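Same chain, two partners: chain A is paired with chain B first, then with chain C.
So, the complex of A and B:
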């Protein structure tokens, strides 16, 4: 299984180059700010990596906007802070949108109807931990996450926040184990993103006959009758015959969910 | 809070009840057929006040944030105050999570049970 552990590291190390620009209409300084370039982990969340971006641009906007919550937009769509960065990239960037990913930064007119406000990193931490617990409910009836100590939860969060693979996986591997009374996870934690949000359902990793179910089975259960489906995760199109149990153990985001971006082709 | 405001809140709450509770209000048959609905059961936990009516039928494409606002209105909790909603007494779904996703994954006996409270209950 040595090779498979390499997959975890490859996924963890996935990064995206981003070019942040401040919305022209919000610049009050005579001098236009330089764009801000950043290499960010696909598995992280924007509020965890954009403190420097905020610091860089806030001196160019009017005083009363400086303390406003910063938000970001790509092609007219506000970015949801609670989606992992890699999910946003897979969801919003088309084949013609070359890297670095160009994102517009705003301090004014927060689109409260489209995205939620987060006041601090604790909000994202709470959301992240909640996803993890939900995933564990699906995999192990919630027994492993609830049996963990607060320090384990902290270690998961700090591992993600500080981009420390070993720190994170030392705890996360417990969440990815198949317990003695199981042949596989009970259900696969996943979300299928389409243009208007995401869908999730109960899908078992094994069929009635004990056969390992694949990504193709999942798509058939989620979108019955649709044959032409493009599915993306971590910026790639995984083979449809990949077993779901293996995917869940190796390709899940740190919140323990598989986040599939799905395009239904007509 | 003045009486006038109090009355307004009751009216607003009644409005949302009518939107929410299709069993009790006179919507057209077409509307009922077109929009899939699911049953939810709202249970208080911790120090949260109880709701007189616990079982509701809601449009399945509503987000959890909408349910939270609904509970606040029903219980006349200020919208600035926090209200947490939990599934399986374990995790708090994101405000943009849809009722239908939770119903598909976590309903029992045809109902989705949501616990609500005014302080964080399950870490």
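So, the complex of A and C:
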């Protein structure tokens, strides 16, 4: 059970300043549009916070493109909307990329094989809920998420969408509990992101001898034989001796996964 | 649910290797892929082209499917992921697909077909959601010689995948 509520709130309130610019080649108006600045929650997803951005830029592109799905790019890479914003920032922004984070907006040539085509918020909701269910399968064999009512699922989604901490956590705390027949979660829901995607593995929070496993144990299981690994979550490097169970309860994203961005140093 | 039997990754790998063997014998076009970085790195794929009537319009359209059969570590079940192209080479979005494929014509369709990341390739595919697969596959686990084929015979027709009789003989 999550006790360190201040940590949860601190993580929830993490924000990133972003400067959106429209790709020059797509501007048909004589006047160049002003960049659009926005402060966005790290835990959210781009399609949930960029309605205003789309409205601002769509009048500067040609008529045929105005109704196209907007997509975003940083340093030549399309941003995957299905990754939380904080994950994209940890993954793509290097130490020399200062804030505000400068992102290019496009309406043309949607890279549909690389990123999801999110045509409506229901699709995003379906994706988010399926991640959350998968996490619960790993933690509680799926029993808690499947025992919830539709209104609980709605409350989680609306809490995230409207940036309401109390609304979200009133339901999410149940997903973070250890049930009576458990000593810990069954497995820790996590993903390790590298340059070319991410990897998952079944990792238990306790060792055979009942010892609490740490982030270091997880990295050893994921990347055996690699000693210098840089791990980032929520824009920080967590201590390697942090217990996994605690991390899962306190540092997971709203989809209930720990999203670690990993750099293997040579 | 712990007492329930689940398909292990080794059983899955044996099953798909068996499918490849049958496919090679009858030239059915399944290919095995191995990604050593992942615990569940083995999966099989097949491309096929079908012609169906466009719902409501009646004119025939040609679709090219690429089906993937891959193992989900979290659910401990096999998954079908696929991409679909129209004749002009464009990829169908989930909405377009659900308009064309009337097998999912019910209120719950978003729960059945979801866009998910492919467990090995980590990029978006249309996916028959794995949360009900355990219920389908469980009866086959103790009775079938190839539970993956048995499961495919139940679900494949929803996503226009043909499983020939040669496979069914082996399960």
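In the analysis below, the second predicted complex is superposed on the first by the 263 of 266 C-alpha atoms of A that agree within 3 Å, B and C clash if a C-alpha of one lies under 4 Å from a C-alpha of the other, contacts with A are read in each partner's own complex, and residues count from 1 in each chain.
Everything that follows uses one rule, which is that a residue touches a chain if its C-beta (ideal position, glycine included) is under 8 Å from a C-beta of that chain, and two chains touch if they have at least 3 such contacts.
Predicted, not measured: the structure shown is a model, and the values here were computed from it.
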Original post:
In the superposed model on chain A, is it clash or fit for chain B and chain C?
Top reply: clash
**OP:** Pick one for A:137: touches chain B only (first), chain C only (second), both, or neither.
**Re:** both
**OP:** Check the contacts made with chain A and report whether chain B or chain C touches more of its residues.
**Re:** C
Subject >> Which superposed partner A:112 touches (first chain B, second chain C, both, neither) >> reply: second
**OP:** Please work out whether A:122 is in contact with chain B alone, chain C alone, both, or neither, and reply first, second, both or neither.
**Re:** second
**OP:** Could you tell me if A:209 is touching chain B, chain C, both of them or neither one (first, second, both, neither)?
**Re:** neither
**OP:** Examine A:197 and indicate which partner it touches, taking first as chain B and second as chain C; both and neither are also allowed.
**Re:** both
Original post:
Does the superposition put A:64 against chain B (first), chain C (second), both, or neither?
Top reply: neither
**OP:** Find the residues of chain A that appear in the contact set with chain B and again in the contact set with chain C.
**Re:** 82, 116, 126-127, 130, 133-134, 137-138, 142, 187, 197-202
Original post:
What residues of chain A sit close enough to touch chain C in their complex?
Top reply: 82, 112-117, 119, 122-123, 126-127, 130, 133-134, 137-138, 141-143, 187, 189, 196-202
**OP:** Report the residues of chain A in contact with chain B in the complex, numbered from low to high.
**Re:** 80, 82, 116, 126-127, 129-131, 133-134, 137-138, 142, 146, 150, 153, 187, 197-202
**OP:** Spell out the residues on chain C that touch chain A in their complex, using ranges where they run on.
**Re:** 1-2, 37-39, 73-75, 83, 90-91, 93-95, 110-111, 114-117, 119, 121-124, 129, 131
**OP:** State the interface residues of chain B toward chain A in the complex, per the touch definition above.
**Re:** 65, 87-88, 90-96, 98, 100-101, 104-106, 120, 122-123
